[in-house]
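Have a look at the structure that comes next, please.
By letter and in written order, the chains are A, B and C; residue numbering begins at 1 in each of them.
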Amino acid sequence: MAEIRFEKIEKSFGNVTVIRELDLAIGEGEFFTFVGPSGCGKSTILNMIAGLERADRGRIFFDDTMVNDLSPGDRDVAMVFQSYALYPHMTVRENLAFPLRIRKTCKETMNREVDQIAALLGLEELLSRKPGQLSGGQRQRVALGRAIIRRPKVFLMDEPLSNLDARLRVEMRAELKKLRRELGITIVYVTHDQEEALSLSDRIAVLESGRIRQCGTALDLYLRPADIFVAGFIGTPPMNVVRGTVREKSPLVIDCNGRIISPLTENSPPKSDVLVGIRPDDLAVSHEQEKGSFRVTVSEIEPAGPFNWVDVIWNGVPVRGAARRDEGLVPGEKVYAVFAPENVLVFDAESGNRT
Amino acid sequence: MRKTLFYSVLLLVVGYCCGPYLWQLITSLKPDGELTALPPVFPERVTFSHYVSIFRESRFFRIILNSAAVASVTTVLSIVIGSLAAFGLAKLNLRRKGVILGFVLSVSMFPPIATVCPLYLVIRALGLRDTWWGLVLTYTTFSLPLSIWTLTGFFARIPDEIYLAARVDGCSPFQALCRIMLPVAAPGVFTAAILVFIFAWNEFLFALTLTSTTASRTVPVAIALFPGLHEIPWGDIAAASVVVTVPLLALVFLFQRRIVEGLTAGAVKG
Amino acid sequence: MKRRDGRYIFVAPAIVLLSLVTIYPAIYVFILSLRRKMLIFHISRFTGLDNYIFLLKDDRFWNALWNTVYFTAVSVSLEMLLGLGIALLLNRPFAAKGMVRAAVLVPWAIPTVVSARMWEWIFNSDFGILNYLLGMKINWLGNPSWALHAAIFADVWKTTPFVAILLMAGLQVIPRELGQAARIDGAGAWGVFRHVTLPLLKPVILVALIFRTLDAFRVFDVVYVLTGGGPANSTETLSVYAYKVLFQTLQFGYGSALSVVVFLCVGGISILYIKLLSGIRA
């Protein structure tokens, strides 16, 4: 296990700066995830940890050793690729044994390790098959096994679950967590699926255009997003964002799309134009009018198991809320919606930062 | 109706392609007397005397040995050097990749006649005239564009992640080439080898200028210079042609799919 | 930064070999062309552009140039048309397709020299099967008007397969649905060809054109063996003429000048095509 430290890392490809001024520390044994939209630079960071890309500026440390100049084979990292990258001409056994074979491990040890890993991942029956004869989930486990067998300091995973169907993905997530508990390894994980990030990680870094917008636990990111980007990225379905105007600074009174509210914020908004974020699960839609509710028009209903997501129009602005499953809403109906002002988030309209 | 039209055109095409060669085959089996008298088209008396004669009188064994040796060694060298270069170009993200590929491509456009004279002088100065090595050196170099072009195409088709995985698993680039890339690209390497072999076997201009005796003379030169005292020995030439082409035809019929893949690997961006 | 430099070692052997055995002679031939060099008389002195001035006044050179251009133009056109026809014909599944493809590759696999001697025998005015089948007694290879065309025919026979194979590969990449969509829109077979197939095939056609034009311009083997450049220099192409000057009259200086001219022509053609190709890609 090792602590990974980035100091002022920068990386460009040609004229495009992909990573700017990255400073980060990943703790020993931590499950750390980089999440963000395509092109935000998360795979590049992973490749830099692995040694497959070199940073243009800055230093990377494993514990106290600077590893910038070390080749991938010398860094004691293991990587699971999105496409698994299994060697097609080798059997599962040979694939698993390959990292040990390169290091000239003796045959007995190799076979012992392979059998151990195969037992751990349920691959015993498949050892003599070739990757072409395996299913997606099986290939993924072989890729995992090939990574685990060296007991590396650091585990790198580049969207390893994105090629699996939904049910398998949920299964594999559980297996990953179990493995993590049993082996106690440092895992650096990359995904574009924020749900996956939230469910697996100790800490998450949200990346956008090569910069970390926020780094923290799942709860931090969900309850206290640093800016509008993080708020909109984390959480399914995405947060509703409506424009608002500050009427009074203290106590804070905001005209939010026609509704006057007094939300709780850590600071005062710097300007009068703000964006107000209301999570869909905080917006209750029903036929009943209650204190604080306002009129909306139903446009779409999307069943979601125990309740329904409801798209409504609020003063001309489309937002999404939740309704009871048996509420019996109909598109075009005029109904009521309500939210608790304590749960909303206020962002400065210009900078996007949360206040 | 359309089907018969299609198949008859198909037959025409096959006849156009194979007909001339089949005629040569028939010619090689005709005794001398019948050669100069048409009709008959088919031999009345099938004879193998021409085949016997070329091996006994024209030292054809030696000539075939020359061609086989030169072509084989060329193929091995060209594939080895070509694989190294193709690997570098396909997987190692070289900054000058475009320049190098352009260089290799432009060399393939050199007219052989332009380089044959200086090459002749250099080979002669090195004492390699009329030797196998003179030809091997020349052929290896001139076949490099072909092998690099073909091999780069095949290497590029292997997903990058497989190479990266090998690196993370601890391989140096060279180890990754030998243990992973070459085995996975083996069919492509085989195809490239076939193409280089055929190139070396069929080459004429350099063989003509760089060899002088049967010590190193190759098959194309021998067939072009077939000795004839009073008249051209058509029967013998036909026999030699058949003998020489049989291995090539075997290659083509066995590996036609691979050959087509190799020829089009660089040209068509699918 | 030593890690970076280490990677170039993979391409180093190829580049070294190519430079020594092709670039170096290429430079050498330019230098030779500026000299008068005849090995057997031990003459070797610098004469500047004399060889080139002589070349411009050399009728035989212009004859060779014309022959080469004519040969290239006719040969390449025929190959492209025939090759395209064969490719279109074979671009559908049918029984024994593999066998047919192999049969089509036969001319390509046969050494050029063997094929030239083969055609020499077929074109033979007395005993050749062509005259027999036609019932005529044309002196194909001995008549200046026919000889070049005989050479063209032999070359086309040998190289059409290569063009056909390339074009077939290009056709395979075109999705069948496009042609079907065009048919539904009302296009006939010719319409589909003109508006769907041909435009999508353009890049491959251009690649085939480049390769074939360069090869045809540089032609040596088939002419040398079939006719030796005769009769009356009617089939003498630039490469054949240069070869004769170099290795029969042993004038290495003038021969090099001729070689350089071939080199420049080929270079010019390449540049032209590359410009065309990048124009299509863009």
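Simple rule for what comes next: a residue touches a chain if its C-beta (ideal position, glycine included) is under 8 Å from a C-beta of that chain, and two chains touch if they have at least 3 such contacts.
As the structure is a prediction and not an experimental result, all values here were calculated from the model.
**Q** B-C or A-B: which has the larger count of contacting C-beta pairs?
**A** B-C
**Q** Which chain lies the greatest distance away from chain A when centres are computed from Cα atoms alone?
**A** Most remote chain from chain A, centroid-wise, comes out as C.
**Q** At what distance in angstrom does the C-alpha mean of chain C lie from that of chain A?
**A** That pair's centroid distance is 59 Å.
**Q** How many Å are there between the centre of chain B and the centre of chain C, using C-alpha atoms for each centre?
**A** Computed value for the inter-centroid distance: 16 Å.
**Q** Which whole number of Å gives the spacing of the CA centres of chain A and chain B?
**A** 55
**Q** Residue numbers in chain A touching 2 or more other chains?
**A** In chain A, 71 touch at least two other chains.
**Q** List the residues on chain B that touch chain C in their complex, please.
**A** Where chain B meets chain C, its residues are 6, 9-10, 13-14, 16-18, 20-21, 23-24, 27, 35-39, 41, 81-82, 84-85, 87-89, 92, 94, 100, 103-104, 106-107, 109-119, 121-122, 137-138, 140-142, 144, 148, 173, 177, 198, 201-202, 204-205, 209, 219-221, 223-224, 226, 234, 237-238, 241, 244-245, 248-249, 251-253, 256-257, 259-260, 263-264, 267-270.
**Q** With touch defined as at the start, can you tell me which chain B residues reach chain A in the complex?
**A** 159, 161-162, 164-172, 175, 179-180, 183-184, 186
**Q** Along chain C, where are the residues that touch chain B in the complex?
**A** Contacts found on chain C: 7-8, 10-11, 13-15, 17-18, 20-26, 28-29, 32, 86, 89, 94, 98-119, 121-122, 124, 126-127, 129, 132, 157, 161-162, 165-166, 168-170, 172-173, 203-204, 207-208, 214, 217-218, 220-221, 224-225, 238-239, 242-243, 246-247, 252, 255-256, 259-260, 262-263, 266-267, 270.
**Q** For the complex, which residues does chain A have touching chain B?
**A** Per the touch definition, chain A meets chain B at residues 50-52, 71-73, 77-79, 81-83, 85-89, 98-99, 102-103, 146, 150, 156.
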